[in-house]
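Heads up, the next two complexes both have subunit A, just with different partners, subunit B and then subunit C.
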Partner chain A sequence: MVTVDTAVAPTSRTPGQEAGGLTPGRVLAWACLIAIIAITLFPFYWMLRTALSNGTTLATAGTSWLPVDFTWGAFRRVLGLATLEEAQAEGGTGSAVDFWVYLRNSVLVAALITAGQVFFGALAAYAFARMKWPGRDAVFFVLLTALMVPPIFTQLPNFLLMRDLGLVNTYAALVLPFFFMTPFAVFFLRQFFLGISREIEEAARLDGAGHVRTFFQLIIPMSWGPITTLALLQYVQAWNEYFWPLLVGSERSVRTLTVALGVFRSQTPQGSLDWPGLMAATLIAALPVLLLFIAFGRKIVDSIGFSGIK
Partner chain B sequence: MKRTRRLTVIATAVLLALVPACAVERPPAESGGWDDTGEVTYWMWDANQLPAYQQCATDFEASNPDIDIAIEQVGWDYYWGRMLSSFVANSAPDVFVNHTSKYGDYTSRGLIEPLDELIARDGPDLSQFVEGTGDLWVGDDGKRYGLPKDFDAVGIFYNATMIQDAGITPEQMQNLTWNPQDGGTYEDVLARLSVDVNGVRGDEPGFDPRNVATYGLGISYPPGGASGQTQWSFLTATLGWSHTDKPLWGTRYNYDDPRFQDTIAWWRSLVDKGYMPPVEQAVGNEPSQLMQAGRVAVVTEGSWNISTFAKLGGIELATAPTPIGPRGSRAAMTNSLADSIAAGSPNKGAAWKWVRYLASPECQSVVARGGVVVPAIASVVPAAEAAIGAHGLDITPFTRHLREGTAFPYPAAQHAADVETIMESATERVMGGSADASSLTAANEEVNALFTQG
Partner chain C sequence: MTVTAVPAAGAPASGAPAVARRAGVSRDTWVALGFILPSVFGFVVFYLWPSVRGFGLSLTDYQFFTDTSFVGLANYQRLLTDETFWNAMLVTVWYVVLNIGFQTVLAVLLAVLLHRLTRSVVIRGLVLMPYLVANVVVALLWFWMLDAQIGIVNQVLSWFGIGSISFFGSESWAIPTIAFVNTWRHLGYTALLIFAGLVMIPRTLYEAGRVDGASEWQMFWRITMPLLRPVLALVLVITVVGSFQVFDTVAVTTMGGPSDASRVIQYYIYDLAFERLDYGYASAVSVVLLVILSVIAFVQLRLMRANESDLA
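Our next item is the complex of A and B:
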């Protein structure tokens, strides 16, 4: 039975650390840590403070630490709970955010991209890491070279391709360019697959397992940590993707949250923005990714400290 | 093995799920069609006007049950980029709100439908529109590409409490004068309204221009680009300067004219004097919010933002007309938006019905009651003035230009997008202090080369 130990290897501790004594070094380290956390979290606090302010009076107290003229109105506007009159009375416009539609689109698109990339990326990584075939290293080199091509170069040809396929403003167009694999995903998983012991694979082959079985029953179960990490990274990236969805998925029915927030931000030339509405929507839009991190954060740390196979 | 098969089945299912989407057929954009039923997609950028046009759509659908109107609001920053990609992708809206500065780029490519024959056949009577607004929509090929829906003018918003504290009267604000040498009473007022962190005013000894608490004049950034619509065009025009050799569809720009460059140099000098925020403070801050925060006392802005200013809580605002120039008259750039039909629309018949309704007194009365913009139909203008006035701001400083004949049109021209790109970076360099106003001569040569190269 092959088992994978995903626990972080124990490190040796000095007696002083065990006692938890307050040395000046520790105090300094904690102070630095707290300062860094405070600086990191401050933008979120400021977003929350703005989201809870009244848009019509927000700028009268630009430096106030507390919400200006406290109201839940911005959240109500974003979630479609406020009437037009209520929204306009609090600095909103006639524009509504169809939040649940855009959320559904974002979740669907990010999930499809993640599933595709991880699955096909793992297949390719397996081929590059564990199989021997002529020209393998040359192909891998070419693939890695693709990492160097800035995505903006491929946007226009991809867009024209989607147009010719008649896919503009469909989920397929949003997902396809990212669906099959990215050089990063292949490279990332290949590095982990390379570290897997060859003896185990050879033992499986002696037992009669082919490549397909080895891949699904041996390699994949042994690599759950890195696969989860990759999935999370790809999900966050797909969630944050902006330019491509703007190009091919701008219609309301397939519009993702990032595009929707961009449209919401810019309304009329030189007009006032509904800052509380924008901040409320952004905060809510960040929640799903935050929840994912809470759920799988441990897994990422574990996979980074991946200690190999016993 | 079971698991392998299951995963293979899932992967195949995902791929198959994508196939039906590939089979979606889209209408060919090149030809278009004249169906008079179906869904008409309509794009607009101003979210403040959305409720009024939504009401127009509801009313229109009630009398035209075979036509559905799907309104989509796309913010200004993305509007034209998305429009272009939609034309490329054959997914352009059937009808869209068009802008004078942009439509030349569409007519030269045959992307929008000329309306002359339709107007001759079905109306509307073009004399119902405010004088000059209809003319803006006749392209350089002599064809008409839109029916005007509203018009804009430029004026001054000011903090009434601040001018009172500064000892300036509302009458003085109504009769400001300006010249590029000493700035006239306009500069005097801006100096008086500027207050440094020690409470010293801009016209008092000891004023610190580098530590200003309240600036006299707030600007929107970027600084006007090719047109300077709300930033400097109302000043340059009082000197007799015009953007191009002809009011509409000119082919030679005049950014090398000393009158233009003197105005920009004077305008730029307000930053050094501490009467106007430097670039780093202007970028990313809307003038309306700087005004609400008490950071600026005066803002020159377009009439389309009146309701935005009127809604600002916590401060008392008033309006004034643009200053009188050396030739003894004021000036203000006016512009008119119009609705245009995409040449590739598969149901141009229905689109035309909708455009006609948008330009009708019925729809524009609804828009007027919305109290956001002034409709282009002359008979509806008083209703709009009253509705916007109900916000507590007087709109006549903006509309007087039309009555007094001091309005001049937005300079429609070909290559507008390229001209804008060149002039935006050129004026930004001047305002940022990295170039002198005389550098605009080189920019002008670059702009004019666009027309000689064809």
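Our next item is the complex of A and C:
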């Protein structure tokens, strides 16, 4: 638990670097770091480069740094803007991809999951951190044991539950198992609520505010930072989830982007894949997360030391 | 089980005034129970009950559409002679070893580089980028880059006179390739966990080391590694438990092939349950996976306790 307190805001301390100029060792170290960063980033560039290439001529210039025979065609195909002739001329299949449906499903499912997790997680975290009641620590411990259970173990029976309830291939099935609780959300917020000073709460109590009012009008506004961080982490996770949506949401009307990408890949026989189309689709599927990251990168990076406790 | 008992306790109705402590449950307790109710509901319905049901189903021959009967430990007996299961076990362990091997060494290197060279959040953000992208996206991206015919990696290899390698299509390459792809995705995340551990090591130790004339190399082995041990133990367990559950990459790229070479345990469970509809047996395999992961988690707790004093 020592890890938690110190790791929450590691960036704010001791800026600057070790003393010492450009020794050969430091040059070598920088070279290593730059090489790792290059290998990290290159695939993203390659995804973009392929997505902007023409599928029919792509194979002739496999190592070209720039897009081969530059075209927006792949994006137009994925977004359903291209005509059948256009698509086929550039190596696409011309079959409708229904990208907008999948995008809508992903946005909706991830948003609902995030909202539920953060709200109910905050309620529970408050009860565990700021209120005294019999059995509190025991209940908290039991909830945390859920961290230990590998997802597949509960997801097989959860699938049966959804089937018994007649919810397979509905949004409810996609959202419900993650909606009310994740041990991580409760744990994460509890840790922050523990740090809030008692005096503020007692002042509110003297003004006649009960726990419900204190929670909504005091604790929530004060904890906006950690709540946003948690929401970001959970949104990214829900957006990227594959296994559960694959089990209960394979039907077109509720299919999420990740599942759609898997289907797209498995339905196309190897060798004749529309690589630019596929890369355009993966790029668009990754885009919302990358945009969130550009906007809130520091928050996400800072929370990593913390989420390691997960 | 403790949980269900709490909200269900037949205490007097909520009219009990807050002052009357002796009369039973206080008003605060009722508010608290209200606050945790949704979470407890989620826990009971989607964690506790499925766990119990999973155990139960592993003792049956449940197959979705036929009559179900209790078969005792027959599924577990079947495991013992199921060659596909043992192969899946072996493949998974091979994957875990490779993945953890690549990942830990590279992540320690990256974390130390970050720690010694720069405090830039931008650089830390850049190395984290692959982690934020879905497994499916990462799998497809590398599936393309490692394509045997026109993938960039094979094109570059050919410059060095190395013939085309069918990374996902050959029995010996499939698992190392998947391990590499997932290392690429998780490297930054693991490195940042280790980085958080490095930040906690007091700077004065390095200053003292420098005064004593220790080289960077000596300081790494004498100061960094010993003090990093608890964090490393934790990180190792997180990554081992995670990599035992590899699924997305396999499902998108090789689908277990060629000829079971990449049929990892989680993919085998999925295949048993949803392709062969052999649900009871699939449950038994997932119970075994649960036991394996619990043992690892138990070792984690022991390791963490054993090392508690190091950073005190």
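Note that the second predicted complex is superposed on the first by the 246 of 310 C-alpha atoms of A that agree within 3 Å, B and C clash if a C-alpha of one lies under 4 Å from a C-alpha of the other, contacts with A are read in each partner's own complex, and residues count from 1 in each chain.
One rule holds in what follows: a residue touches a chain if its C-beta (ideal position, glycine included) is under 8 Å from a C-beta of that chain, and two chains touch if they have at least 3 such contacts.
Everything numeric in this text was worked out from a predicted model, so none of it was measured.
In the superposition on chain A, A:263 makes contact with subunit B only, not with subunit C.
Legend: residue contacts after superposition of the two complexes on their common chain; A:134 is shown touching subunit C, with no touch to subunit B.
When subunit A is checked against subunit B and against subunit C, the one touching more of its residues turns out to be C. Once chain A of one complex is fitted onto chain A of the other, the partner contacts of A:212 extend to both subunit B and subunit C. With both structures placed on the common chain, the touch criterion links A:247 to subunit B and to subunit C.
Shared-chain residue A:157: touches subunit C; no touch with subunit B. Of the two partner chains placed around the shared chain by superposition, subunit C is the only one that A:29 touches, whereas subunit B remains out of contact. Residue contacts after overlaying the shared chain place A:39 against subunit C, while subunit B stays out of touching range. Contacts of A:62 after superposition on the shared chain: both subunit B and subunit C are touched.
When the shared chain is aligned, subunit B and subunit C each come close enough to touch A:176.
Counting contacts by the rule stated earlier, residues 58-59, 62, 160, 176, 212, 246-247, 262, 265-266, 271 of subunit A appear in both its interface with subunit B and its interface with subunit C. By the touch criterion given at the top, residues 1, 3-4, 7, 11, 14, 18, 21-26, 45-52, 54, 72-78, 82, 85-86, 88-91, 220, 230, 286-290, 292-294, 301-302, 304-305, 308, 311-315 of subunit B touch subunit A in their complex.
Listing the residues of subunit A that touch subunit B in their complex gives 54, 56-60, 62, 84, 88, 91, 93-95, 112, 115-116, 119, 159-160, 162-163, 165-172, 175-176, 212-213, 216-217, 246-248, 250-252, 262-273.
Contact residues of subunit C toward subunit A in the complex are 2-3, 6, 26, 28-29, 31-33, 35-36, 38-43, 45-47, 49-51, 53-54, 57, 106, 109-110, 113-114, 116-119, 121-130, 132-137, 140-145, 147, 149-152, 155-156, 184, 187-189, 192-193, 195-197, 199-200, 203, 206, 216, 231, 234-235, 238, 241, 244-245, 247-248, 251-252, 255, 266, 269-270, 273-274, 279, 282-283, 286-287, 289-290, 293-294, 297, 311-312. Per the touch definition, subunit A reaches subunit C in the complex via residues 2-3, 6-7, 10-11, 13-18, 25-26, 29-30, 32-33, 36-37, 39-41, 43-44, 46-47, 50, 58-59, 62-63, 120-121, 123-124, 126-128, 131-136, 138-139, 142-143, 146, 148-158, 160-161, 176-177, 179-181, 186, 210-212, 215, 236, 239-240, 242-243, 246-247, 257-258, 261-262, 265-266, 271, 275, 278-279, 282, 285-286, 289-290, 293, 297-298, 300-301, 304-305, 308, 310.
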